[in-house]
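Notes follow once the structure below has been shown.
We just call them A, B, C, D and E in the order they show up, numbering each chain from 1.
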Amino acid sequence: MRKYSYFPGCSMESTAKPYRLATEYVMGKLGIGLVEIEDWNCCGATSGHTLSEALGLALPARSLALAEKRNPELDILTGCASCYARLRLAMYKARTDERAKYIIEKTIDMPYAAAREVYNFLDVFSLPDVREGIAERVVRKLTGLKAACYYGCLNVRPAEVTGAPDRENPTSMDEIVALTGAEPVDWAFKAECCGAAHQNDAASASRALPHRILRDAQSNGAEAIVTACPMCNLNLEMRQDGYVNRTGMDRIPVFSLSELLAVAMGASAKRIALEAHYVPSAAVLARALRRKDA
Amino acid sequence: MNDNLAKMREAAKRALESGDVGYVIGWGATKFPDKTSPLFMRKPEDAERLVWNEYAIPGIAKYLLDDLYPDKPIGVFVRGCDSRAINRMMKDNRIKRENLRLLGIPCDGKDDERCTICRNRNPLVYDELLWDEAPTPEPKDRYFRANAVEAMSADGRYAYWSEVFDQCIRCYACRNICPACNCKECYVDMTATGFQGKQHSRSDNLIFGVTRAFHVGDRCIECGECERVCPMGLPIMGQTQKILKDINELVGDYESGVDAESENYLGVFDLDDKDEFM
Amino acid sequence: MSVKETNDPKIIAFCCNWCTYTGADLAGLNRSHYPENVHIVRVPCSGRVNPQFILRAFRNGCDGVMVCGCHPGDCHYSTGNYFTRRRFTLMKRLLEYNGIDPGRFHARWISGSEAGKFRDTAEEVTAMVRKLGPNTRYREYARREMSADE
Amino acid sequence: MENERLNQLMERAGVRQYDCYQCGKCSGGCPMAHVMDLKPRGVMRCAQIGSLRRILESNTIWLCTGCHTCAERCPHDVDIPAVIEEMRYEAAAEGLTRRDSKVLNEVFLANIRMFGKNHEMLLAGLYNMLTLKPLQDMASLPHMYKNKLLKLLPKEPKNLTEIEALVKRAEKWRGLK
Amino acid sequence: MSKIGVFVCHCGTNIANTVDVERAVASARELPGVAFASEYKYMCSEPGQQMIKDAIEEYGLDRVVIASCSPRMHETTFRKMLKDTKVNPYMLEIANIREQCSWVHTDKAKATEKAIRLIRMSVAKAARDEPLFASSIPIEKRALVIGGGIAGIQAALDIADAGHEVALLEREPSIGGKMAMLDKTFPTLDCSACISTPKMVDAGAHPNIKLLTSCEVVKTEGYIGNFQVTIRRNARYVNHDICTGCGLCETKCPVKTDSEFNHGLSKRPAIYKLFPQAVPSKPVIDKNSCLKLTKGKCGVCEKVCPLGCIDYADEDREFTETFGAIVFATGYELIDWTALYGEYGGGRYPDMLTGLQFERLVNASGPTEGHIVRPSDGKEPKTVAIVKCVGSRDPKKGKSYCSRACCMYAAKHAHQILDKLPGTRVFIFYIDVRTPGKGYEEFYDQTRKDGAIYVRGRISKIYKDGDKLVCNGEDTLLGKQVKVMADMVVLETAMTPSSGIEELATMFGVARDVNDWIQEAHPKLRPVETQVGGVFLAGTCQGPRDIPDTVAHASAAAAKVVSLLNKSEMETSPMISVVRREHCCGCGACEKICPYTAITLEEIDDRVGAKRVKRPIASVNSGLCQGCGACTAACRTGAIDLLGFRNAQILEEVDALCL
């Protein structure tokens, strides 16, 4: 059985309720064990590294060091792109940059060997055996659901830190989504920045970012956007009023990959609190579930 | 044993009587009961002097180099090691198959350390086999000397080889007996090239040791004759074993003298050879 | 042995005419500085280098030896360096086995355009050999040198 | 003097400014460039001509989202985000932090010190109060409340003293003051 | 005792600034065998050479050591000089105290010491120099030109016109190359076909030129003057000896497959001529798409052919021919941008074309008969974006070099669009505009005046929005982001070496540069030669260049070939291997290692006692031996040795350093 040290991230604990529930459901179905890192703390995104290099590295490194101390045999898993980026950067820096490693260990006052890898959900779902497991456990096909897979910037960039093979047109999520019978659409904003980082302190300036992503998804025929990050998810759905006013387009449901998989694996909408989304997705999902294979 | 000796005497006698061979090389008794020496049988009755016992240890193939252009083929008794020596010298264009009449005698192993690493008791090339082949027992560690030296520290290795070669008297017996040392004239005897200092010093002795090993290296047939003949009893197989060990590590199973066709390791290359240089 | 030794190593580099020698010339053209300790012997091909040369160099007082040629596949004579590779892979291991520090013998592929690599290699090898100090192994101390201090 | 400082910062960022040949592919793809007063290419240009001041006073360093699109596409592999990060620490040290960012960062830090975690509602609420933008994003509050998306306080933090010590120790390095 | 003269060069201040020349001379005087030592400002100059000659005369020198720049620079100069003296030209050693001493060291005292050591090494080697005499080898008066593009055609025509036989080899079924695909050529805008097809026809009809189309080189042996090249003629399935090229078969063939000549913009039958003006003007069958050859049914072409030319049983055939000289004219390919540029859609959008695709589109004989329309819907574009440097000047994703011709053909493409579709908006995204050529700047100037909008900035992302292609970039001159909604995008992609160049270069032992272009012997002074004697370069196989430069390069290569083939024999280097018979035992280790098969085992007569015997020894063919010396390192006894680099000489150098 696969098992990971799990870093939920702050959003999972609050706004990303459906994401959390769906993740628990899916991981349970797949038999993937998540051992929550005891006493984990905020990864610092994004003010941490805006404030200081040391804080930017030490905040994520503390949780990683705790995880490695408690479960030295487990790799670390997180479902949030921001957390992933910060955790993975701390791991990468500790491995490649002696100065950074020194700063990290001095600041967290613990040894941090960076011996274990940091993964995101896409990495794990793409493992051959997990993929096979997903395919086996899909009990309800989301036939023909036109889904735009949105990876976000930090799941794929910077290349040297994430090791993602294709940063312009990633395909790992599309392949997973296709397992549910849904149809991933070909679109151009899979890894463009949604600007979640500045939705507080540069609100008006960064509104355009989610809007153009929504627009490209819809103009390529997407009925829904599938995300791999609670921050992206919130940002993409919370800003839709402005989007509708500005472009005259319809709203589009946005939900996480975990939720999509949970639905396909048989979870009820209630079970994963789908109603907690700003943009209702029930109709779109129901339509897909009714559709017969062409 | 007696049975086999009778077969050998019979074969030698037959060969000499027929006049097909000029002479036959085998083993004869010496004044020491536990030693044999090469025996050159020229008349049928010489066959009676032939000896085949646990002391028939010396390699006899190298003597073929003393008669490169015989009028008649030379008869030789060949064990596994002798046959590899013959393959070696044939591969090096030193002797010709048509000049040889090879009497194959599967060996039962002798009471000698060298025989414990033997991989071929049965002759690999022969004209007739005097008795049935028997399987070769699982050989002992092929690189027993090299492994022991490798385990030492760098300083220890240098000290070890210094001690070994400080005793070397540069008699070149190791070269004279070695079937792979079959050059017409050896580099140590040629002052003109300047490859080898003549002094009896640690440095020149060590250089001789390394050079001998490197010249033999990929062509060594692992017969161990070099150590047998060394009057100082020096463990010089440690050098050649190291080279063979490395070759086997680099390209997989490699053995010299098993036939007269396979290329020498240093005579060919592979595009994908391991590259340890940057 | 009381021989006066300064820690200014002598390093000999056997360089093939077509790649490394050219690369070293280019290092000159670029004014890339490297230690004076490295002395190049020009040979047509790294395949020309006889292991005997290396032993001779150690014997007579070199503290470090380099054999440099074209990268595999780029040999001016098409295959020379493939044999170099086989020969000196064995030789390097054999020297180490005989107690010569691996830092004293280096084989490198340096192309005609890799002036920087030549400089770096020269620097690196010199630093390494300097750290190891004067070579005493395989060294034939001439009577003259010995008597000077006696 | 100024130049030395600039070179030092670039070295820390691990970027050689003259690698950049000003093709503009960075700015062309930057999602925030439309509001930046100095585009990413401009940052590199200023670094090349020694105009450190211009970079430190730009809003660019505060508006960068860190999405790494510029570095990803740069033909010469110039890590502009690393430059921006260094410049941000430098600007902060000079007290040049953009007001809104400063408030957000302070609220964030307070949050971390209080809970070890980021409490989203508290963060947004405090931020809005301090920047006199009480209504920003508040339209979503009822929805969040209804769906129990916001807890009043995060899970009880276990080791707050440790976090506090961590933040204190981090102050020894660059950035925090 | 030898009488060595040592001459130390100042090289102006190049050496003298770092090396104390006087001290070097003084120490050289003390060396054994040195009869004379002196210095001069420039040894290579006329007076410098005269000084050496005078010293040879005056002191009766028998060998010379010159301490100066690299022997790669002036060894030939000084050898030539020695021809007029009593000293054999090979009794010369050069101590490299410039490139490998004065230029790389700064400490004068240490550099001087090193120079002294280097001179000592050269003197020691020189003492063992022996007189060597060059011999000569015959030259096969035929040339092989590999590649039938404009470079190959030009080189072949020039060599043929000079009276030598040429084989012009092309792997495609027709010669013509990339130039045959082009529409107009910059800056004169004359039609490419109009100027290249006559040359193709000339090459096809020239009595001295033999066309080897559908052919590839598979093996080569030999050396300058005498290359044995094995060539494979790929099966054509059409007997070209009888075929008249009537074209009936092409019209009847039921297969439609992507036309490589039109870069997938149109279809062609399985039996086809590469293009209408192909030379030879006869079709071949593409075995990968032909129904008869893949599935065993159809056979229509065989039925309709009035002359019975179709031969489905045709097979690849190999043959070996001898040539005195080889010309590489293998040309270029465009980089596969689709694999590299995800930000440009990675090839997902049909209305994004490469420069060569656009050439076919705009070509009157192309798939649209020259109408500029979008491949996706056949509509005329209203806005076109031309993006330069795709894959060029991009060390991260593409190639670090500038592809040199794109600036001009981008301007040409803009001109053609504006000319054919007046009113179209054409944006050209560039980083720099490079127009170094006769009439080039004027052409660029005119294109701008015609209305092409040049935007300085590399496009960051291209994506589809509705039926528009959105190009995001920065106008770096304004410092503002720009977004062009284009109907069609033309990517001017980087030139890269032709596929297969690696194998070919390895076969001939020719070096490639870091970008895989063929390495010329010298970037300035020997631009059409390679390090391998008798192998020359024409056109873009050496690096990106445009048509005028390619033609000039090809003619230059032809001139080199002609001057080689005009000789009936050639002097060879005497620095080759020799065998000391008495020591050679004929083991054959050297024979295996020789890359030129220059060593064979030869039976010699010998005597053992009173007996006369035959024994094998190694024997060196002086015509084949290139002097690499690999054999010497394989020889345990040192029986085989390399003249000019004898074992003893190298050991002397080692000893001299160790002194």
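Everything below uses one rule, namely that contacts are C-beta pairs under 8 Å (C-beta built on N, C-alpha and C of every residue); 3 or more make two chains touch, one makes a residue touch a chain.
A quick note: this is a predicted structure, and the numbers were derived from the prediction, not measured.
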{"item": "Centre-most chain [mean C-alpha coordinates]", "value": "E"}
{"item": "Greatest separation from subunit B - chain, by CA centre", "value": "D"}
{"item": "Chain pair whose interface holds the most contacting C-beta pairs", "value": "A-D"}
{"item": "Averaged-CA centre spacing for the pair subunit E and subunit D, given as whole angstrom", "value": "52"}
{"item": "Euclidean distance of C-alpha centroids - subunit B vs subunit D, Å", "value": "77"}
{"item": "Gap in Å, rounded to a whole number, between the CA centres of subunit C and subunit A", "value": "55"}
{"item": "Residue numbers of subunit A (touch at least two other chains)", "value": "167-168"}
{"item": "Interface hub residues of subunit B, defined as touching at least two other chains", "value": "194-195, 266"}
{"item": "Residue numbers of subunit D (touch at least two other chains)", "value": "34, 69"}
{"item": "Which chain pairs touch, all of them", "value": "A-D, A-E, B-C, B-E, C-E, D-E"}
{"item": "Residues of subunit C defined as touching subunit E within the complex", "value": "10, 12, 14, 17-18, 21-22, 24-25, 27-29, 31-34, 36, 39-45, 47-53, 56-57, 60-62, 70, 73-80, 83, 87, 112-113, 119"}
{"item": "Contact footprint of subunit E on subunit A as seen in their complex", "value": "166-169, 186, 188-189, 216, 219-220"}
{"item": "Parts of subunit B lying in touch with subunit C, wherever the complex brings them together", "value": "146, 149-150, 154-162, 194-195, 197, 199, 201, 203-204, 206-207, 209-211, 213-214, 217-218, 239, 242-243, 246-247, 250, 265-266, 269-271, 273-278"}
{"item": "Complex contacts: residues of subunit E adjacent to subunit C", "value": "70-72, 96, 98-101, 103-107, 110-111, 113-114, 117-118, 121, 506, 509, 511-514, 531-532, 575, 593, 595-596, 626-630, 632-634, 638, 642, 645, 647, 650-651, 653-655, 657-658"}
{"item": "Touching residues on subunit E, where the partner in the complex is subunit A", "value": "341-343, 345-346, 348, 461, 463-466"}
